[in-house]
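Each in structure tokens, the structures are laid out below.
Across the two complexes that follow, subunit A remains constant while its partner is subunit B and subsequently subunit C.
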Partner chain A sequence: MKKIYNTYILLVSIVLLVSTTANAQISKVEIRATGLTCSMCSNAINKQFKKLAEVDSVATDLNTNTFVVYLKKDNKLSPNVFKESVEKAGFFVGSFEVTMPLEQLKSNSNYILIEANEAKSNNDVVVRIFDKGYVTEKEYKKLLKSYSKTATYALNNEADYHIKIIN
Partner chain B sequence: MRKVVIIAFIILSQNSKAQELFVVTEPASNVPAGSLNVRLGQLLFKEKFEEGYNYHFMPELTWGMNKNLMLRATAFVSNRNTQLVIEGGSFYTKYRFFSTDDLNSHFRLAAFGRYSFNNADIHQETIEIMGHNTGFETGIVATKLIKKVAVSSSVSFEKALDNKPNYTFPSTQGNNATNYTLSIGKLMYPKKYTNYKQTNINLMVEFLGQTINENGKSYLDVIPAVQFIINSQSRIDFAYRQELYSSMLRSAPNGFYLNFEYTFFNVSK
Partner chain C sequence: MRAIIYIILLIANTLIVSAQLKIGDNIPNIVLKNQNNVGMNINQNNEKFILIDFWASWCGPCRLGNKKLVKLHNDFGANKINIIGISLDTDKLKWIKAIEKDKIKFTQVIDPKGFDAKTAVLFGVEELPSKFLFNKKGILIAINPTEEEIMKYLN
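And then the complex of A and B:
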């Protein structure tokens, strides 16, 4: 545990050192929405995504309420835009995955690696966001304890995303 | 009637996907922010003390102001007095103040208020500000979704005022009441979703009760309903309202509902 923590400190330091204000260009987000079972409710979320000019297409699995949102090139959307879209439709986010180039991820200080793990690919990586509002309420309560050593986690700073690389 | 209620309960309590877009009551959830919902509500109720039916037409506009606040305006058109005339209107608002969601469940609480005006004659003890009385209603509603079964319940206070300009509220009747509702809904079709074009069929049962606070006179109604959701954007509701119990004067307690509804998404920001 201590080793991981040290690695984390090291990573944060590196990230802070190379900190730039560049927007991470997201190519795809995969969101599982919570609190709904009807297709009309799902469609409300679908329509919220589709009204965004930067969105290219949306694929939905109505049985799991999972939305895969493909974005146009050179967009500057950040994850909170999609979270707000789901909430505007009247629902919440249960899980949130972002696909972006590894280079972009490394150069953006807003993405904070909550556990030190390595990307398998040098091109696009998939990361999952673990902040409040990006996981279920139950999961967040557990995570608050697990990540109590990560000072920024409990702050709920809207611009910061605490992530794990999952692919 | 009791059998129907029991059967409805058995069907609805089976573990499947649930719905909360109820026909007569409102769930604690709101319409999506920025959407505009148009409802053409129709009621055909059988007159108890005279021949025939009375017809009410209630066109309604609902706007999701933001994710927590919803506003609604309704007009009341009726032929109770021989020809179709506009008798009044209503403004309604609902604020969702608590929400806790999980993958297969949610619990929500909302507060609501309604003000209605109506110029029709006052002809029954029942206080009904949807198309009959001038007055207001305020209350709270709780909606719970557990393992894909949705249950919604509300309690409200309703007060009738004079139906201006011609009809004062009879001083011999209690002018305020407590209302309580219980609604349960279930998705029957499809068993598995494939796309937004699929027609959804929902079965619901709702219980509506009222007690006049001053004298304790009460009624309890049951409303079984079937609902079709078409193209994930429009709705057709068909329901029948049946009085189970009543100790108050009601001129037309039993009848049919037929609603058409269409949602325009993203009308405002």
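And then the complex of A and C:
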């Protein structure tokens, strides 16, 4: 009986360990929002981000018109949550960058490198997402042509993110 | 137990709603610093209309709006209306530069915390620019009035 119990504990700890490493995801998101009006002049996007329990803090970079969202540890958020927040506020995403551990990037098959480039760091990497809704409509149309060889790009699968490593 | 929670939530909710200024409310007494670091009460209490304009140096539409406010100030002078600009800039230097560039002569104060600034929260400012017009008795009579509407009140 004791042996079974010990095995159980071991199993639980392994499961916990695996699941926490799998959850150690995005730590920071940088979004430039676009729209018909000045996106930084409205509190709407800020408010949508702050509604998310996983969000630690939101900063604005007024020189680049960018929202910088810092996330709590071990959150399970994926980029589409932030895209939806921006759209709920009545704006669109113009550019979208994500900071995450390199290991996470390598182990998650949803992140598809659209151009073969290597990360400079072994820890956190910054990637930019190029899917529809993560770049301007104009940019997306251009990219559709440039990335016609990447079969998954035109599919617009919501769970897939086509990325380039920026830093 | 559930009822109590509902009641608490209800009260909390009305508190949040009432935190925003409504038509008919009195102008609050808030002291903020101007560009010379002198504290100014936005309730100037001198039998004149008061127009409060929330803005920031980085807000394009606000800067265009400043031109119109400068004209309004020049046309009506300080006899009829006190215009008070409240900047939500976090960078004071940029604010001061903007005042100079836009040639603003009316009162300018700053609450340098962006949309989290206490004054912005109290007024319920959710976008820039935002304007609040108070009558001679200090009662809020219009939110985001157009220039024409402001002139109608003054004439």
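Definition applied: the second predicted complex is superposed on the first by the 133 of 167 C-alpha atoms of A that agree within 3 Å, B and C clash if a C-alpha of one lies under 4 Å from a C-alpha of the other, contacts with A are read in each partner's own complex, and residues count from 1 in each chain.
By definition in this document, contacts are C-beta pairs under 8 Å (C-beta built on N, C-alpha and C of every residue); 3 or more make two chains touch, one makes a residue touch a chain.
Just so we're clear, the structure is a prediction, and the values are computed from it rather than from any experiment.
In the superposition on chain A, A:Lys76 makes contact with neither subunit B nor subunit C. Look at A:Lys141: by the touch rule set out above, it reaches neither subunit B nor subunit C.
By the touch criterion defined above, A:Lys120 reaches neither subunit B nor subunit C. When the two complexes are superposed, the chain touching more residues of subunit A, out of subunit B and subunit C, is B.
By the touch criterion defined above, A:Ser39 lies against subunit B but remains apart from subunit C after alignment on the C-alpha atoms of chain A. Looking at the shared chain after the overlay, A:Leu62 reaches both subunit B and subunit C. Looking at the shared chain after the overlay, A:Ala89 reaches subunit B, while subunit C stays out of its contact range. Subunit A residues 37-38, 40, 42-44, 46-47, 60, 62 lie at the interface with subunit B in one structure and with subunit C in the other. Contacts from subunit B toward subunit A in the complex involve residues 17-19, 21, 29-35, 64, 66-67, 96, 99-103, 105-106, 145, 148, 187, 192-196, 198, 200, 229, 232-233, 235, 263, 265-266. Contacts from subunit C toward subunit A in the complex involve residues 56, 58-62, 114-115, 125-129. Contact residues of subunit A toward subunit B in the complex are 32, 34-40, 42-44, 46-48, 51, 60, 62-63, 87-92, 94, 136-138. Interface residues of subunit A facing subunit C in the complex, by the touch rule stated above, are 37-38, 40-44, 46-47, 60, 62.
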